[in-house]
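Following this line, the structures themselves.
The two complexes that follow have chain A in common; it is paired with chain B in the first and with chain C in the second.
So, the complex of A and B:
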């Protein structure tokens, strides 16, 4: 193998490691110092990571049992009275996030396809709007939905929370989906059009299937973010002690239940927070791993 | 291979310009849906801004310009001076960025240029794990675990070593701006790291190889070549983190304490514009709620301004390089 070919095989790390000059003591010292600082920066990140995860697991795993998952909460009367489970919050999380995802999928597909197909003023405005929404504070979406629903109907309903979560899910998923469909090779598209297929057919049969793994990556990522959101749903879903199984009724999600329990005067409820936190992290992690699996698959497919 | 890499391919869309006319008449439903989707998004967006502004009007009428200058915030007493909230928001955000920017960028450099290939996937997955922990959990962790550490170790130590000079004055309480800044930094670091890492990974190899062939050391390659060529990408990462810090709500309701006056030191309790909305909505009657919408509006304007500024800088520097 020639030297040039060998260098082409290297990762950036190996290039600077194997080929950089070793001469000049002072320069070398400075360089090593720089790398030491970078190592410290990386290690510093792992402190809170270890801190958070160990806290959740150590304090939470006692709580995770069948009763905790399936029983309804019981308002405690003393420090030792039983507090039941969190079935209400699990049901609420499923309802609120589930409906949000059901609505988000068609919306995201429509908007992404529309942005892919058009290059006029309107499309530019929408694309910038989406980027703005990605960065907007989640609490403002909660306020907006509260203003147009709860202020009008004077009732809390689970699906209001889904509406608020749409503002979290759709922008993130759309940004990912546009990137996904724009990375479909132009030759494939031209081949489809060249065979006389209509643009809609090319979209349905060529672009979307080709980009599917990356599209799913985006969806699972945004779902894992939506699952943990408290601020957008806080004002609109109210709270319940029993699962309602009805999106037109109030609901409690895992994050809002943690938020509510954490201020409790009963130690048992604060303890239950860690159980819910562990449960929530496991669920969020599940969707995150799913998204990574599809990302790896799309990378493999694209060579 | 992406469309944009091909020199002849259009930037977006498969049917551009005159070619579109060929198939227009046979695909009306598709084109109709496209226009409906775009229009729908614009309508929702406009409605969002309109209703936040609309809801805040009574609040502006009651608070007036005193919203920005008044130093007492008490919704129930009709005192709508939001300066305490604004100062707390800006100081916690500044503190968070002071911690998160160097650590996040440094860690991203380390991930790409230092960590052996075999460990790279593991290390970046771990960093991303930090990003997916919900903010309510960070709040709980900050309150239960970090607050005692702050109260009994960090804050007394800071006071001792600085001989009680500002901003380390006041009585250490554990919660407050310092703790808020640390918790926010923890939440911002993975954002900075994840995006910067993606940027560092695509630095052209020619640049790195060129610098090395000129005799640069490893450190010089990173400092003089990699970092400058990634300025815009890193700026984008910092902007996203900054926006997240400004708007973070739930975690801060746990670790900031409460609010009434302008914070005097890093140990003062406070509330940010966002966290005050979460903890006070519905407590101050219709007028109080409206004032909270004012706070949300100010927050939206600040976040929007930050995004706009960073995008302008990015666009300018991109033009300079081309």
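So, the complex of A and C:
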């Protein structure tokens, strides 16, 4: 009996069961295939991530001690002479990034809220401009800031670096924040207005608190990026061997110190780069954990 | 209505202050396209008025005109007159924020503020208008949560997130939130559309207690609900040009038992919609 004839003699139910059985085998096969592909993808992601982190930790952890954190660098004269610590770079990083963040937070909030509330063509153009900034090479900001500061004043100052970092932090944080406040359901906004709230109160009491987790994530991402940037600050902050604690004076940041040390002829200075890299990772991690704790607290406080 | 707590002696009931609303030749258009046309009827004080009709007949559009929610949509145009206690709601002397505390709104899906606790949700409207007195806030929260039949089940967990409540509880919290600013009219836009039968019955029961203290306008797809809860009923239908029209308005018992218009008879009998 031919297959066609066999099928002819089957009841509709038999045909459905048979088809289901056959396609079921195929689905199982596909399922296994997808699982294998995803496992490989996971490994492809995990191996480099693990490689980067483990290398930094393994190579850097010897360097992390009290002297490294609190002493100033000593220019080495021989392979065994002491190189001191990186207190200058820690101070510089906190100064340059700190000022950038302090200015970026209000700026980002203002721009985001203004763009959210304004629905005209100009606002759309500005928004697209900001999105373009997100993808711009960081060194262009460094050059631009250098051209309008150092080239004019003939001095290096830490806060010039903060200005350059603003071009990194503000666009990333703004794009994230606009997305965050746009994700707040319209029905919550209407509920607020329906209770007699002014639009400004709806923004302050409903939209911003509801979007807070995503807004913070955006800030955190942008600050993490700024912490590691070398190019924008390289031309404008100069370099120091002692912390200045003064934004009007030159500074060294961890990335610029790494940049300076890595080409050194002394192995001790190259080694210190790993310590500084680990320090950067720890600082980023610290802010990450801090923002999460803050979030959990604010959630608890709000119920 | 004063915000000073000393003037209140009875904290457990919201004071009765239901107002009459009057819709006169009201039309709403979006971007020049008519959505609902020439509607005229009276919303009697301290009664429940329902709006029924198939999808697209303009019930919700009309309801949202009553607290000027269409102000949010630049392309929307409301014409005709809507009055509360004889005053046109579009009158320049009326501030939008005041109007919306007088005419509250409950939405189709429960929408408590997720960033706030149960307590903060209940007093959100008071906070929005600037009330700071802690005692007054606490009393208002209890008063409105009691009025929304929610107090007993949430009094021990007022600081929990509003999202921890069930759907029906969330909707009652939204009603409490509206009651806290002591509105004179409560607009309900299919308030039970997303709720199970038990939660629906609780909300329906609640409308019957609430109409003792305020005026209710309720939009519903559920005709049984309209017949159970409302005193007056407006039946709307989409016209040939897709704009909603008022077919018939009257006492609910009359609309459901002896309507004038054959289209009302057909709709009530379930012939369409």
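To be clear about the criterion, the second predicted complex is superposed on the first by the 238 of 303 C-alpha atoms of A that agree within 3 Å, B and C clash if a C-alpha of one lies under 4 Å from a C-alpha of the other, contacts with A are read in each partner's own complex, and residues count from 1 in each chain.
Everything below uses one rule, namely that contacts are C-beta pairs under 8 Å (C-beta built on N, C-alpha and C of every residue); 3 or more make two chains touch, one makes a residue touch a chain.
Treat the numbers as computed from the prediction; the structure is a model and nothing was measured.
**Student:** Scan A:293 for contacts with chain B and chain C and give back first, second, both or neither.
**Tutor:** neither
**Student:** Going by the contact rule set out at the top, does A:103 touch chain B (first), chain C (second), both, or neither?
**Tutor:** Touch status of A:103: no partner.
**Student:** Go through the superposed model and pick first if A:144 touches only chain B, second if only chain C, both, or neither.
**Tutor:** first
**Student:** Applying the touch criterion given at the start, work out whether A:57 contacts chain B, chain C, both or neither, answering first, second, both or neither.
**Tutor:** neither
**Student:** First (chain B), second (chain C), both or neither: which does A:195 touch?
**Tutor:** Only chain C; A:195 stays clear of chain B.
**Student:** Looking at A:71 after the superposition, I want to know if it touches chain B, chain C, both of them or none. Which is it: first, second, both, neither?
**Tutor:** Once the two structures are laid over each other on A, A:71 reaches no partner at all.
**Student:** Once the shared chain is lined up, is A:185 touching chain B (first), chain C (second), both, or neither of them?
**Tutor:** So A:185 meets both chain B and chain C here.
**Student:** So, does A:285 touch the first partner chain B, the second partner chain C, both, or neither?
**Tutor:** First partner only.
**Student:** May I ask you to decide whether A:210 touches chain B, chain C, both, or neither, giving the answer as first, second, both or neither?
**Tutor:** second
**Student:** More residues of chain A in touch with chain C or with chain B?
**Tutor:** B
**Student:** On chain A, which stretch or stretches are contacted by chain B in one complex as well as by chain C in the other?
**Tutor:** 185, 190, 193, 198, 302
**Student:** If you look only at chain A, which of its residues touch chain C in the complex?
**Tutor:** Touching chain C from chain A are residues 185, 187-188, 190-198, 201, 205-206, 209-210, 212, 299, 302-303.
**Student:** Any idea which chain A residues touch chain B in the complex?
**Tutor:** Per the stated touch rule, the residues are 7, 11-17, 19-21, 23-24, 27-28, 30-35, 37-42, 44-46, 48-49, 51-53, 55-56, 107, 110-111, 113-119, 122-123, 125-126, 129-141, 143-144, 146-148, 167, 182-186, 189-190, 193, 198-200, 202-203, 207, 224-225, 227-231, 234-235, 255, 258-259, 262, 273-274, 277, 280-281, 284-285, 288, 292, 302.
**Student:** Quick check on the complex: what are the chain C residues that touch chain A?
**Tutor:** Residues 67, 69, 72, 97-101, 104-105, 107, 109, 111, 113-120, 124-125, 127-129, 159-162, 174, 177-178, 181.
**Student:** Hey, which residues of chain B end up touching chain A in the complex?
**Tutor:** It is residues 1-4, 6, 9, 11-16, 19, 23, 26-27, 29-31, 33-42, 45, 47-48, 51-52, 54-55, 102-107, 109-117, 123, 125-130, 132-141, 143-146, 186, 189-190, 193, 200-201, 203, 205, 208-209, 212, 215-223, 239-240, 243-244, 246-250, 253-254, 274, 277-278, 281-282, 292-293, 296, 299-300, 303-304, 307 of chain B that touch chain A.
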